[in-house]
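Okay, got some structures for you below.
The same chain A turns up in both complexes below, where it pairs with chain B and then with chain C.
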Partner chain A sequence: MKEDRLFFLALLPFGAIVVAVFIVFVSTLLYNSLPIFIHEGLMVYTSSTWRPVENNPEAEVYGLLAPMIGTLEVSFLAIIISLPPGLSLAIMIEEYLPTGLKSLMETIIEVMAGLPTVLYGMWASLFFADYLKSDLMIPLHEILWFIPIFGCMPESPYTVFTAGVILGIMIMPYMVGLILDGIRQIPKKIREACYSLGMTKYETVRILLRLMRPVIIASVLLSLGRAAGETIAVSLTIGNTYNIPECLFTPGYTISSLIADQFGNSGFYVYMASALYAGGLFLLLLGVITSSTGLYLMRRWKTSV
Partner chain B sequence: MNPAIMIEDLNLWIKNRQILHNISLRAPAYKITVIIGPSGSGKSTLLRTINRLIELTEGVRYTGMIRVLGKDIMDWDVYELRRTAVYVAQTPNPFPHMTIYENVAIGPVLHDIVRDKADLDRIVRWALEKAMLWDEVKGRLDEKPGVLSGGQQQRLCIARALALKPQILLLDEPTANIDPENTHRIEEVLKRLRDEMTIVLVTHNHDQAMRLADYLVVIRDGHIESSVKPGD
Partner chain C sequence: MITIWMHRRRILSLTLFLVLALIISLTTPSLIAGNKETIHIRGSGSTFLQLQLMAWITIFHKVRPSITIEYNGVGSGAGQQQFFEHLTDFCGSDPPLSHKTWLEHKGRILQLPIVLGAVAVVYNIPELKSHRLRLDGKVLSMIYLGEIIYWDNYYIKRLNPGISNLLPHAKIIVVHRSDSSGTTEIFTYYLHRSSDGLWPKRLVGKDIEWPVDRTGRGLGGKGNAGVVSIVKNTPYSIGYVELSYALRYGLDVALLRNRAGYYIEPNTTTIIAAGENAARTGLLPISPTGDFSKELEAIVYSPGRLSYPITCFTHIIIWAKYPPHKAEAIRDFLSWIISSGDKHILPGYAPLPGPVKGIIIRAIELMKSGG
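Showing the complex of A and B:
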């Protein structure tokens, strides 16, 4: 039909724009990262020296290993902190709460997911971090001092641990949403099969959880991608100190907090902006891997149930 | 002999709409009672009320009395009731993430019916043989049920129900979406099970009802129209 073809042609530019923006975005990252790769090679990802030198480009050294490790540490910590309560909350909402309470809880979760991240950062930085230090970090160190990641006494409230906890709180609503979406994709007939075999609610939930394992893994991956890129809240709570954090109770950096913190200074140096672009490339790669794997698992699961 | 299921003056509403009106019937033990009626007549609702599965539907309330094996259904532990009177749905609903073996074994494992693995193997084989599925799946018990045809999946669901060793089997149009060959097999399964348990079957297929029924209950618009013994 002529009308259909015209309508399709009218829509085409909008789809093309999205693809074009993505291509330009990736190309820009790659192009602007090139100088640091030419200057340092892959050392930019394997070294943890950060040495900006004014008016002497040859002496500039930028290694991203420390913030890369910081990014992974904070993100994994956030997942460990958000997964058990997130999963429990999703099960409680879907399987146990009456309709009224269910919609109230979902509204609260949606509001939490939509809050500007700077609010979480500010709340954590001005209020929560002190309690976290005195009531959790110090006791954890005193009890589990023999485990290296808890082996140092927290001196400041702004640490990798603080950033991980606040990030965990922030991504939990997102994770709950993904898991709820998964639970709701389970056909009614499966739940009915459980009850018709005389299973209790607890036994039914166990069966559904086993069925949902790929969704849970996908939710973790998608949340990990989101956590890795979070900037403001992490920047306000991690302490922004350039070192490889072997212990969770020391300050650190993530790639995103490094970019936020150093971007203003990058104009004074020849290679710093390029190094920050290379950090962006790392985040992009991490995001693409986690998101595409998560989405693939989610889609495959949806067609299998 | 006492009936396995006795229903007296059952009235049922879903969200204030009355679905069943003054239903009274008896399903004799070790017989096949067939409930027949057109779509929307309330026959599935009636079947799901017997083991209280209907309570999963929002906005349900009912009055009247239902006795299963002589005991009021409200006096039963609801989960024990559902294990005693097991329901098999119209659409096959095997657990897609479990193997064929696990699908049959899940009931006995959860409800501690078995002593050890050998005992479990015996029950799984027994249930699959009773459902006339053993010969078709014995070489691929570790595969997922997705590899089976619709009819085979339905027989797997019957085997899964049988593995619980129920005293009553409630079947909701189990051959509705199945080819004639599998329909014939399922009917054979039910005829063989007749001597071992009480069966209540819902169908809208008149010929099937006449082939299987020891007792025939005709339901229309939520009312029982007649209750007869075929051949009388």
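Showing the complex of A and C:
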């Protein structure tokens, strides 16, 4: 008994540290973003003017709407691009591949999920973006020009679309991992029941998929949170220009790449750092919402099967 | 069995402990002995200055091994911040202190122009091969305003009669910095001064709203390296970077029309010419305690037949007073730069003209007399 108590006390600090770091982190973000809220109120989230002025703090205006929309656009695009192949890959690995190949595939996926994102960014900005522009973006524009998001001709290889595709490729392994976890949670008896009724593999998978719907939604949410925070790979491919991208083939900005670009020299201005902290707050909120809903769905589902 | 195993483990841990103790005892004396003599100076700031400063520091360290100088390229803005928070002993800054900041710290800080540099306009037009593109402030302004769309535009052709048939009918991809930077300030200041008001005053600064971005043809790159990489990989693009980067990565550099009407390539001669003409304008202070905030006016688009129009000083900012051993080390380093620095100038930079060097000499004197 006494030993258990001591053991618990010995472990306690580490748990406490994590919670403390989180609290310090959130309060730093809140405290540092306070000046911009006092300066311009909620305009920081509703306007899209970015006007740093030196030596005249009153004239400084920072609106984060454009990079906020950019962040959401890029993340949703990444999900749309990674979900169909991710789901197919997970099903193939689990239902069709023999054991040896299965573990090989899983290793490859693990490696891809763990690669430093700057590698994806470099590869994309130096090689992939050009092909994407000539072989996918231009044809898409020529065929689907009447849809507004494809309505403009891509002028350069660095666009919101490019960043979205790269992010999609990057988060796919992560998503596959989550979906695989989900498939494995389904009790064997369901699968056995399906086969014993004489169902084909296709029919069985359809039943499994229906069972897994909450897991898929949760995986999408968790991946979305991850995509929204990605910095370097996006920064290298999105073009980093401050406008609201109405069409996917124009350059744009995301909150995280804006912070990465501007934080170093924000000391020239009075409110810029604070505005960037407000951007950080937005990312934090987005992360909290996606992660907690995702984890909640995942947990509820695990107890239900 | 168990006792033997535990015994072994004890021996193992004991040996490990002894080895560690040995390593520590062997290394510490040298550390302590080293510390006694060595004076450590810390600085941070301008990434543009970094290459040149690191080269100087390396050579200086060979001459005076007892002084170690450390420099982090964190950007001029962050450098100034860290310096005023006393995290560093000096900062490197491309722009001089603003008038307001200077007033705040007047008398307690010294600003020293330390080397000359230039902003090069770089482009990627495969059709031009080795032919050089000529540009002036007005045409550059129209390009960055988004008003000139194609490379075979009438205004560009007019400046380049010799190669007008080579200019392609391709859209111009306009690249700028996505972080706030002294380079952007110097470049936009040049556009403003050389374009007869085409480039408005409100678009001069370290970070501005680029009109061309609204056309979808604008791109932002982080740091000089970011702009270099975009221009290199994007045909029909144009950008502006510090000359040293343009040279190192082999980008095509445009000739720019200077105030006297000549098309000038940025090189050591033309950069020094601009520096000398700037010194003659009377806008530069002669003392390091003075206000340098009018410096851009003096050196950007400066008069003179040979002056390259987008030339700039980069600075080291120090306190007037330090603890004695630090003051001595900094003085030694500055004296060495005055006497031997010119021999170790890297490509893309140029040595200071004589009158401006006088500012550093005055700073050394001021530090000797104790500020």
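Couple of notes before you dig in:
Everything below uses one rule, namely that the second predicted complex is superposed on the first by the 305 of 305 C-alpha atoms of A that agree within 3 Å, B and C clash if a C-alpha of one lies under 4 Å from a C-alpha of the other, contacts with A are read in each partner's own complex, and residues count from 1 in each chain.
Here is the rule we go by: a contact is a pair of C-beta atoms (placed from the backbone, for glycine too) under 8 Å apart; a residue touches a chain by one contact, two chains touch by 3 or more.
Because the structure is a prediction, the values reported are computed rather than measured.
Judged by the touch definition given at the top, the superposed model places A:135 against neither chain B nor chain C.
In the superposition on chain A, contact is made by A:304 with chain B only, not with chain C. Once the two complexes are laid over each other on the shared chain, residue contacts for A:53 go to chain C alone; chain B is not touched. Shared-chain residue A:197: touches chain B; no touch with chain C.
Of the two partner chains placed by the overlay, only chain B lies in contact with A:189; chain C stays clear of it. Judged by the touch definition given at the top, the superposed model places A:240 against chain C, while chain B stays out of reach. In the superposition on chain A, A:207 contacts chain B only, with no contact to chain C. Once the two structures are overlaid, the count of chain A residues touched is higher for C than for its counterpart among chain B and chain C. Taken in their complex, chain A has these residues touching chain C: 49-55, 125-126, 130, 152, 155-158, 235, 239-243, 247, 249-251, 260-262, 264-269, 272. Only residues 74-78, 80-81, 98-100, 171, 173, 178-181, 205-207, 209-210, 213-222, 229-230, 233-234, 237 of chain C touch chain A when the two sit together in their complex. Remark: chain A residues 187, 189-193, 195-200, 203, 207, 210-211, 213, 304-305 touch chain B in the complex. Touching chain A in their complex are the following residues of chain B: 51, 53, 56, 79-84, 86-89, 91, 93-97, 106-107, 110-111, 146, 157, 160-161, 164.
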